[in-house]
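Below is the structure I would like to discuss, written out as structure tokens.
The first chain written gets the first letter, and so on, giving A, B, C and D; residue counts start at 1 in each chain.
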């Protein structure tokens, strides 16, 4: 696995060339793609060169966002899915191997099973379009009870469930996005990671949680940098990834607004060293 | 539909002959069976006579409890299911047409889909054994969020879901036990009852809810007698039953310990008149 | 229900104005739409007028073909589904209320359950797009064993199965296209039609079967005009439709090449009178 | 893997002590248990000794038959499942690790999905009772089209499907019984075995097929000894087992009545050497 710079996940921003310099300077192994920047390069050849330039700096790609809303009304979803191949042309030209999205863990009108059918239906189609382009899709589950319990019908909010969903689509190019914060808030432990294989994991986030509240009181958008409070068993989480032989990107996504008030180099040096310490 | 006296659901108790007298005295249309009392009559003929005696008093039967725990370990479930026919012999001799149980709305280890398979598996078998004896099964869903959100995996806690479960078993002799308290706490309204048919409803409870808390704060074991606080739209609920052409028993189950401290005749007169007012 | 003229299903062809005249002349209650003809009228107003003109002749619409291949590769399906709204604009302007397609009853690579997921996925999306336009979708199952047994994995080939599929999509605007030939070859009888409601039936075909072979030897493309051989229990079939309160179109689709060699007025007079006799 | 003597599968019979001697004499690695013989030993201690005596002869156990009919009416199934623990006591005392049964590949009344629910329901319960006793269950799929196409609704008749069924039960102690004859008649090739793991395979049969008919004309009860006609790709099949790291029993089940007319030692010498040649 390799550390991945995602400025967006840190609440920071920079133009793409600057992001590349920052990633190199602070020793990240990869960085998030900027699809707008890549698309603006012009034709496929220019995009290919831009991707190659990143690789020449020794950087690999993080996961691009899936530009499709899995639960949008049919008319909107249909438009998004028919526009998808054009975006995929950019991604494949740049050498970006995977896209990701998350699963909304509740619904106010659809029962678990109706929502399941919706997700399998939409995912099957998205996965097939991605497979045609040689791309993988990562699905992130969202663990906090303060989130999944807020509407009438809780939905997927655990690793077991997202794996069941992926299995039901029958798609070989769909895997999990694991986040230690969701893993913890879902009530999961190292045991839940046993048996995972690299091929099932598309991307990883590591975060810690505040230590002033119980697990079921944790809030999705209030997290900590990894290995700060020690609430989350980071060592157990990373052992699970290592046992799986995980080879992909690892980033942080702490939703800490204070980071944007600090010197960016201080933040990135800290984040990079925390990622390196975790990856080992 | 007809009012049904369930002393147990009122937190009261009496021997069965006394219960029959109380039901008649207070104008109930039916009463809950007492399987122990019936079984103690001896042979099938004696049980048949005991059942006939109740009918002769103008009383119909409420729903007997299903003596099977749907989520018990296999060894225990297997024993219960193999003991079931003996109990069914008592029920059928006495003319009791249906049994009921409830669905536990969460699980700490089984995901929604694994728990679904467990329930379909167990229910399919129970329903077939009941069908052989000519009996129906009622399934009650449990609505309060303070209950279904207390373990890692919420499960069936709404009318829509319990209907999906029944459909998936494929059993023609399984229906719903509706309780206005669960209907309210599940966030359901009169709209959710549209299209229900009598054949889908096995039994009905009507209760009101305390008016000092929000819907999502309601507690399963803290209810009120129907039409007291007005928190629950009893008129809308009863209209739904009438539109369905419902023909079965209606009882109250308020979990009010104070009832046992009042004169039983006062309690039953009040309950009977509340049921009559609702049934109309 | 009403008799419906489908020249295509008879192996005949005529321009649309001629088809309208033929439908009127021979007393049909409706006719199949000709989407190309309608689209060629120009703008929505012109299409609306063309549709109104048909209605003024006392004719109702049969079912239009769904211009989407449910089992196409994702790229093709995606294109078709994004093109669908334009076609639906034509259909709705002309007042055509429903489209139809059939379910391929076998697959050489997808197991029953994988094929089920594919169909539910595609149908869910198609149904939602159709619902946005106010249209219904009819699904025809195909019954002959000589067809469903020809690849490794038989799929939906009975009324029960197509109803299960529709239920699993959760779509309220999808129903069945019933064909007496498929009903017979699927081994179904009048009993299988009990409980059907008009809302579940989108269109009906009536055909008879050759009397020189057993049911399991019948071939999909070798049928007879209704009430000729008597192999198929047409009376039982029509009773089922009547009991369902069916209100839609009824046509024949005999795959008899000999019809195109006869004077078209003779053919249509015969077909119309056979439909009238069946509808009663 | 090891060669397993199953006299029953050869159409032969002998008392159990004789079977043990024959297995040793002809170099088999294991033999089928004889539950009646074991149960007749008396108490658990005596059964344990009888099992130990077999192990001392250097023999391992084949798979015992599951004494439960998965598709029996509920009353019968309920009796069988409640009687099962007593049989399992015999099996565990004797050290027999697994039982097996087969899946009937069609049904005349239950659709694929209704039959699926029946199988998942029954299997879930059986698997849990077996798991309590520490036993595994093997499920054999049956491949010939001349069998699965004979009723209205074909059911599981391939490796993919039986693996889907096992996954849906969620049971960790259920695996496949593979038979090269079913593998061939199901239209499967070496590719279908890729990815199989030892933990998924409970037992294996190897047989060849007559060379005077096409694959879809093969009959379930008309097979050949392995590596005789060469119709079945035995090498490819065994490579799949080796790649899976398969460690269990391998036997033949040719349904050749001629074997019972030959000297038993000749038959067993031939079978043993064919198994050894295949196992390699």
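Quick notes
Heads up, the rule we're going with is that contacts are C-beta pairs under 8 Å (C-beta built on N, C-alpha and C of every residue); 3 or more make two chains touch, one makes a residue touch a chain.
Keep in mind that what you see is a predicted model, and the values were worked out from it rather than measured.
Both chain B and chain D derive from one sequence, and where they touch, over half of the residue numbers involved are common to the two copies. Measuring from the averaged C-alpha position of chain B to that of chain C gives a distance of 45 Å. A straight line joining the Cα centres of chain C and chain D is 46 Å long. Residues of chain B in contact with at least two other chains: 114. If you sketch which chains touch which, the chains form one closed loop in which each chain touches exactly two neighbours. All chain pairs in contact, by the document's touch criterion: A-B, A-C, B-D, C-D. Taken together, the chain D residues at the contact with chain B in this complex read 73-75, 77-79, 81-82, 84-85, 114, 117-118, 120-122, 124-125, 128-129, 131-132, 168-170. On the chain B side of its complex with chain A, the touching residues are 111-114, 116, 145, 149, 152-154, 158, 160-161, 164, 186-187.
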